[in-house]
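Letters are used for the chains, namely A, B and C, taken in the order the chains are written, and counting of residues starts over at 1 for each.
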Amino acid sequence: MMASLWQYVLAGLVSGAIYALVAAGFVLIYQVTGIINFAQGEYVMIGAMTAASLASAGMAPVEAGALGIVAAAVVGGLSYLLAIRPARSRGATGVTLIFITLGLDVALRGLGLIIWGTNPLSLSAFSGGSSISIFGGVIQPQALWVLGADMVVFALLYIFFQRTYAGTAVRAAVASPAIASTFGIPLRTFAFWSFVAAAAIGGLGGVVIAPITSATYDMGLTFGLAGFVAAVLGGLESLPGALVGGFVLGIAEKVSGGLVSTGWEQGVGFIILVLVLLLRPQGLLGRAVRQA
Amino acid sequence: MPRSAASYAIGGFILFAVIAIAVWFIPPYYTGLITLVGIYALVTIGLNLFMGYAGQVSLGQAAFVGVGAYTSAVITVKLQWSPWLGLIAGGIVAALVAYGLSFVVLRLRENLLALATLALGIVINVVFNEWDFLGGSSGFSGIPSFALGHFTFDLRAHAILSWFLVALGLAFAGQLVRSNFGRSLIAISAGELGAASVGIDAQRLKRQTFVLSAVYAGLAGGVYASYQTYIDPSSFGFLLSVTFVLMSVIGGIRSLWGAPIGAAIVVALTQVLQAVVPIVIPSARGDFQSFFLGVILIAMLVFLPKGLVSRFGEARA
Amino acid sequence: MSAALAVREITMRFGGVVALEDVSFDAEPGRVLGVMGPNGAGKTTLFNVISGVQKPTRGSVTLGATQLTGRDVAWIAGHGVTRTFQTPMMFWGLDVRESIAAALATREFGGIFPPGALRSLVPSGFGWARRRAADAALRERADELLVTMGIGAIAARPTESLSFGEERFLELARALAIEPQMLLLDEPLSGLNPDEVEIVLQTIVRARENGIGVLLVEHAVGELLSVADRVVVLDHGRKIAEGTAREVAADPIVIDAYIGDELG
């Protein structure tokens, strides 16, 4: 019993790592623009599908992966330029923007269906070798790539925001957008790059998880919704929260999925979401939310 | 000029009459489509009340449709009662579920409300999938159709029924929004504090509107169940909820006439896309038309955020 | 009948800031109570506490025998205390007449929707004619109110098209529509031209004559003193003076507080 529990935890760490990446993308965009980008999960799908289809066409996995990330990043940038910016320049706010990202999500998923159809695509693992045993639990070598990607991304984010001039400027702009613009800090440019970065991060997540779960057309929805929950759980205004939220959610899902039934894996996430929204809307690591 | 309450009722019944006659002359396939448009329009009217008038968001409306459908299925299949009872029960149970959820959900605003309704919609869907009493992922089959005396409803009758309900729904909603209820809802959507300062109880009104939108959705679900005779959880998921939002936006979220118009446009478009796209792009599979629907949704929101109806007619519906 | 508003030991502390400390006073029906004080004195916070926008850390607000502390805004408005805001809160999407009708309905029908979930779901075909008649009566009453204030001409204008002054008038008319016992006005004169100021002042006087108690926060000290029966002065969250307009104007403590604000 304990052995399988530990196995579930390990599985949860792996999926949680991807949730953390998706959540980081949400938080990034939310912090810089105040928008909740419902399409965030689709960047995962685009990264995974692009890499998988390029690899099956003969490209080396690492190159295919890199192009997958680039593809996702490009789509992210286009999302901002074609959907968000025109709307905001026409004064769209609040609910309208929510619907726009919803439309973006649906459109990107449809695009995936048009290009790749419904068949899952597989991507070979980055490194060979047999499963690795940790304290009696077993994980695939690819899982280490997943966790590694997580560490790298969050380390880079930390360095960027805390240790570079650009990152400090972004933090200032986020804290006081009105003042920031009077100092000439280009909010629109930041918004654009936040979308590009969030998409790239999501795409990376898709690329590293594809060898484990294969690339499917609906993985965007699954990872997107889970990433949501993770982001809200950790605190929509907190990048460390995204990391924490991702792992907590991943583990909670796999444990309850193992103990109860796999169908409830998804349900657990949303029950957690509702509880968080009710009891602590600012999330585990967020500051108190202003109720206007 | 703002429309009078009566104009909704009159217009609704004229539309119903037109359709009731038209179904005798058009091919059965289109009759089926018309039935579907009617069912979706019914849901969208309720959604427009909640989103357009009260100014809230619901990304989980498909779940209420499902609740109505499953309730009706349980009543007619397991209890062997009349589908008419099932229909009414569908509306009632959906209302009860909405009432309960409203205490959880309506304290939240905008972004968080959107997330919460999304989440609850999915949780309800998971319940449909996991609860064996409801047939789990296989759903319910053998749901009986409506009947009046000895006459079992055929395709035409279902179309007539669904649009009869739309007409009723328009009439009821029309006189609601032309009354002080509608004014108060608009006041709330402008800003809850301003409304509260003259005594308008936003929470209560939002709750009533939420429940009302669930009734519309639940009734639609009841019709859907008997019309399709088979339901399963996959019919009531997130994508359907987004489709309702799309119908709402295209028609105009603060427009009651926008509901049937938006529903008709989306259904028609889906049909066209499913016919045309595979010819042009053979690799397209599955719900690929969602690409175009998504693009249209974005384009509408960017260029015509108030929907088509406000552009061509109905001022401040 | 008309009751006094009793504000007792209201203290408001958040995040290390003391916005209000131990503020107590009475506001009588049929009297105008001016609330003065330099910037940051806590006047708007005081209004927020009385009207229910914020809950005080300590203290109580009662209207006659009714305890208002801790209640929400709509409840308090329904029980006799309403307010206007520094920036008028308009009902975008409605026109002027409809905005007032929306407010009137809380008075006329005892609530926007008849209580009882079931009744609210009954198709109103059953009461159609009655509702239409009641609605027509509402709109007439709204027009009356507007004419009394001298702004009958704007009745059909959409709120989006109103000038700032007209927005202030509408907010005032809306507040009066619910026939409050106490009316809190938060800087109703700022941003108005002299003619508009005159209309608002006359409306205040008329309200007083009708037995409504008015609490008036206003930076235009001259106008405030011209219409106030009594004045309460706040500084840094505390009440530093209370009395008639003349007494307060001559009070050295008050003068000190204002000069301190100008220099400081």
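The criterion applied here is as follows: a residue touches a chain if its C-beta (ideal position, glycine included) is under 8 Å from a C-beta of that chain, and two chains touch if they have at least 3 such contacts.
Predicted, not measured: the structure shown is a model, and the values here were computed from it.
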{"item": "Label of the chain whose CA centroid is most distant from the centroid of chain B", "value": "C"}
{"item": "Pair of chains ranked first by number of touching C-beta pairs", "value": "A-B"}
{"item": "Middle chain, criterion being Cα centroid separation", "value": "B"}
{"item": "Chain A and chain B: spacing of chain centres that average the CA atoms, whole Å", "value": "31"}
{"item": "Distance from chain C to chain A - Cα centre to Cα centre, in angstrom", "value": "48"}
{"item": "Separation of mean Cα positions, chain C and chain B [Å, integer]", "value": "41"}
{"item": "Contacts with two or more other chains, residues of chain C listed in rising order", "value": "none"}
{"item": "Chain B-facing residues of chain A, complex", "value": "36, 82-83, 86-87, 90, 92, 94-96, 98-100, 102-111, 113-119, 217, 221, 225, 228-229, 232, 261, 263-264, 266-267, 270-271, 273-274, 277-278, 281, 291-292"}
{"item": "Sites on chain B touched by chain A in the complex", "value": "51, 55, 57, 59, 104, 107-112, 114-116, 118-120, 122-123, 126-127, 129-130, 137, 238-239, 242, 245-246, 249, 277, 281, 283-298, 301-303, 305"}
{"item": "Chain C-facing residues of chain B, complex", "value": "5, 95, 99, 168, 171-172, 175-176, 179-181, 183-184, 186-187, 189-191, 193-202, 204-205, 208, 211-212, 215, 254, 316"}
{"item": "Residue ranges of chain C in contact with chain B within the complex", "value": "51, 53, 72-75, 77-78, 82-85, 89-94, 98-99, 101-103, 105-107, 109, 111-113, 117, 120-121, 123-125, 128, 131-132, 135, 138, 174-175, 177-178"}
